[in-house]
Each structure stands twice: as C-alpha cells, then as structure tokens.
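See below for the structure under consideration.
Order of writing sets the labels: A, B, C and D. Residues in every chain begin at 1.
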Amino acid sequence: MLVHRRKLRIEWGQCDPAGIVFYPQYFIIFDVSTAQLFERTGLAGAAMRAKYGIIGFPLVEAGARYLLPCHFDDAVEIESGVEIWGRSSFTLRHRILKGANEAVVGFEKRIWAAGHPDRGIKPLPVPDEVKAALSDASGKTRLT
Amino acid sequence: MLVHRRKLRIEWGQCDPAGIVFYPQYFIIFDVSTAQLFERTGLAGAAMRAKYGIIGFPLVEAGARYLLPCHFDDAVEIESGVEIWGRSSFTLRHRILKGANEAVVGFEKRIWAAGHPDRGIKPLPVPDEVKAALSDASGKTRLT
Amino acid sequence: MLVHRRKLRIEWGQCDPAGIVFYPQYFIIFDVSTAQLFERTGLAGAAMRAKYGIIGFPLVEAGARYLLPCHFDDAVEIESGVEIWGRSSFTLRHRILKGANEAVVGFEKRIWAAGHPDRGIKPLPVPDEVKAALSDASGKTRLT
Amino acid sequence: MLVHRRKLRIEWGQCDPAGIVFYPQYFIIFDVSTAQLFERTGLAGAAMRAKYGIIGFPLVEAGARYLLPCHFDDAVEIESGVEIWGRSSFTLRHRILKGANEAVVGFEKRIWAAGHPDRGIKPLPVPDEVKAALSDASGKTRLT
C-alpha cells in the first residue's frame, strides 16, 4: 500500500470557540490527503479525471474517531492509503498523529465514478493500473 | 425521543465541481442540527454552556453513509434526535431526506464536557433534566 | 431596489477560538443572501443558470467592514439588494444587523457570465427582465 | 517589509460547481498567510497570543479583486506582507499569482486586540518589536 504522509499546522479558522478543531474540518483534511495520495501516481486530479472520464471519487461512506483534541497551532501529521479495493469502490484509511499519538483515525469509502444524465453518478471499475500504482509502497509505479 | 426537523436548500458554496455537495459539508449540517435540537429544550447554546459549565459537546466518533447525491438547489429535510444516552456520552442520528428518500444517514457520538487545564477536555455526566428534555417527543419538557 | 431580508443565528462552526465569527464566513453569508435574493425573482439558482446559459455570477470584487463582532448564538439579520447595475456587472450591498446596529457592511461586484472554453469566464449582458425584477421593491415583477 | 510567500494547489473542496474557487475561500487563504507571516517572527500564533495577552488580530475591513479565475489543481503562489502600520491597526496586502499573473489581490485591515468583558474586543497598541520584525525584509529581526 502506498502511504502518503503530510505535515500540517492547525489553523485558526479550523478551530471553534472551544479552541479545538471543528470536527467537519477533519474530513476536509482527509479529502485533501486523498487527492494528494492519488496525485502520487503521477497524474494530478484534473488530468486523472480527464484521462479516465470520471467526475471524481464520490463518497459512499465516511467515518472518524476522535481520540485526542487538536488545538490551534498544533503540529500534526496525516498518513493516508487505500486499504481495501473493490471493483468500483475503495476504502482509504487516514490517521492524524500528534507526535507519536493518534489524534483522529478515519476512513472514506469512495467510488470511481462517471457523471450520469439527470445529475446522477455512475460507478465504473477502477482501472487496474490505478490500483497497481496505489498498491505499490515504493511509489515507483506511475500513471502517465 | 425529541426529533428536530428542518428544511434546507443546498447552497452553491456547499457544492464541488461535480455539482454535488462536498461531503464534509454534511457534517456541518449535522452539527447545526444538533445545536438546534438542543436549543429545543429552551436553552440556547451559549446559555446551556454557561448554566452547566461545559465547553460544548465534543465528538468521540462520527460517520455517514451517502445514499443519493444532493445537488445545488435541492430541497432537503434533516431529521435529528438523540438515540442513545450513556453516562457522559450520547449518540445522535441524522437523516437527510430528498422528498421521501434518504440521501444521507449519519451519526455523531458526543460527550458532555468541561474544559480542562492543559487544553484538554473533561467528560461530565449528562444532567438528567437534559436527557429528559431530549427524550420527550412532545418537546414539552423544558430547561430553564 | 428589491431587498431580501433573512434572519440567522450565528453557529458554533462559524466561530473561531476568540468566540467570534471567522471573517471569511461573512462572505459565505453574503453569497447565500445573493442566491436567495435572485431566487426572489421566481427562478431558483439552477433554473436561472439553465434558462440564460450562465454558469453563475462570478466575483469581480468584494469587500466588507466589520463594525461589531458577532458571537456564537447571536441573532442577526441580513439585508441584501443590487445597488448598481452595469451592462454585465452589478454590485450588491449587504448589511448584517445585530438588533438596530450594523455589525458588518459589505459589497459584492459580480458579473453575469457564461462559461468559456479553456476553463475561462465570458461576461454576458444582464437581461433587462432580470434587472427589472431585482429593481422592483415590491417583488411583484417575476421571471418565469 | 517582510514578505511571506507560499505555494498552494487549489483543492477540490475549495471549488464550486462552476469549477472555480468559491470566493470566500480566498479570504481563508489570506487568513492562513497572515498567520504564517506573523509566525516568521519566531513566535507561533498561540505563543504570540499568550506573550502579549491578545486574542488575535480581528478584522476591521477586508477586500479583494478577482482578476483571473483559479480552478481545481491550479498551482498558485501567495505573497503577503504588512504594508501599513497604525497605532493598533495594520493593513496586509495579499497577492495570489498564477505563474506571473495576478489572479487575486486583496487586503486585510486588522487590529491588535485583547478580549474584553461582555464579549467585546479591545484594541491595544502594536508592540514596536512586532512592527520591527514584520518590517524587516531580511526576516532576521526575531521575537522571542
């Protein structure tokens, strides 16, 4: 599994009057990490959408457990990877770490999807090369 | 169980380039519904925090399943209630409906919490009167 | 000038660790008010975009002055209207009131715009009937 | 003037159904750049608030002009600095660049402020050493 890691400082605008991260913000953090993980294949988000004729990776399910509060200015690290591959769905795991401790753990179950007339969404099989690139821990399998 | 219902039009700024709601926005919708549900007891958010010496209801866990995409301008209804009461924790259920169909179903497990030196959070027992008010489907049990 | 008024309670997630509204949130409030003002013509956002072949009303300029801080739970009222019409541009004024006092005053200068190949934006003349509907203080001039 | 520069990729969740950045997001970008600029003095946001007894830098006024639309995946650079110093207020300039072209230019007029009973805000004089650090283009004048 290819794991994407990024560092983040918790921002003022991500926090609520209790001084801790307003919880929907963690899902925005997950979403950005997912995008950056996919970009590690060598194809940026817009290019990947154009190449494969998809609108993106809409959510089927998402969830998170909040283990430690994160405060303004906290330095955190996010680790993300695709843990489970289905035919047109896949499940990402995200861990937000404060030092060595897990602050938030979560998942996103998404589908590889084209748009559909009448404003719907049509699941498509995830291309094997995409699965391969995101399954290679070395990050050397690239899309072009 | 007291159920809070509210209607919403999906806003432009809640949607992404695929024209559907950016999924973290649903958790913001949940959070607002939770606040409005608690306010149905007769105490607004700031007043409740002041009366009971709490910082709010921080999250322990949250999750959602996305059954139908919601688009810009869609009219939706949100139903919310506390389904499970623990000693200091409680679990809310939220349903977002497009007409008669569920679009999103989700939950928030929260704790009734005071602040704590060193920027932490300290769970407190949920007052019985709060449980009573939110358990009364008629909405007639009031806090003052 | 047609003036749209709506009431709002300041939400937990709109506020920052100082307990006051995180200032970009006011522009989200403006944006929603603009959408609701335009909807007062009888055409919802998606229908208006479809009828006139526009992608929306992208911004040329925006600004706000912050006169009084708004806190969690504050009850505010927002007044919005188009104050200046250009050929393809128009300027909205927004006032956020706490009781009788102005808390925030701002403007949005927008254009009536179609999309354009190469991911650009193409200004179009604002239809006279749209100007007429939004200039009628009585709200009786309707689009269909 | 100390100028802070940072690079950014436009994220999916920052964009609207027209595929361009939802305009309030630019003010979030400004806010983060301001925080990072101040941190260049050697004091992080929480440490600076603690040292000087301030709640932060609330806004008096803000504005932006939108010259070029930014789309999902666009690489942009943000330049930020304090251009004008008052006694307790100061004005930041922000430029968002796509390559060599300005996409957005904006400003934030803020005050150096303590909290105040009755949930208000009290302006304080900006310490000379803070002005000095943010006026030194070399970035070598540090707070401790």
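Methods note: contacts are C-beta pairs under 8 Å (C-beta built on N, C-alpha and C of every residue); 3 or more make two chains touch, one makes a residue touch a chain.
No experiment lies behind these values; they were computed from the predicted model shown.
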Reference subunit C; chain at largest CA-centroid distance: A
Interface numbering overlap (same over half, different under half) for subunit A and subunit D: same
Euclidean distance of C-alpha centroids - subunit B vs subunit D, Å: 33
Rounded Å distance, subunit A centre to subunit D centre (Cα mean): 28
Whole-Å separation of chain centres (CA-atom averages), subunit A against subunit B: 25
For subunit C, residues that touch 2 or more chains besides their own: 12-13, 16-19, 22, 24, 28, 31, 56, 71-72
Parts of subunit B lying in touch with subunit C, wherever the complex brings them together: 9, 11-13, 28, 31-32, 35, 44-47, 56, 71-73
For the subunit C and subunit A complex, residues of the former touching the latter: 12-13, 15-19, 22, 24, 72
Subunit D contact footprint on subunit C (complex, rising order): 16-20, 22-25, 27-28, 31, 55-56, 58-66, 69, 71, 115, 119-121
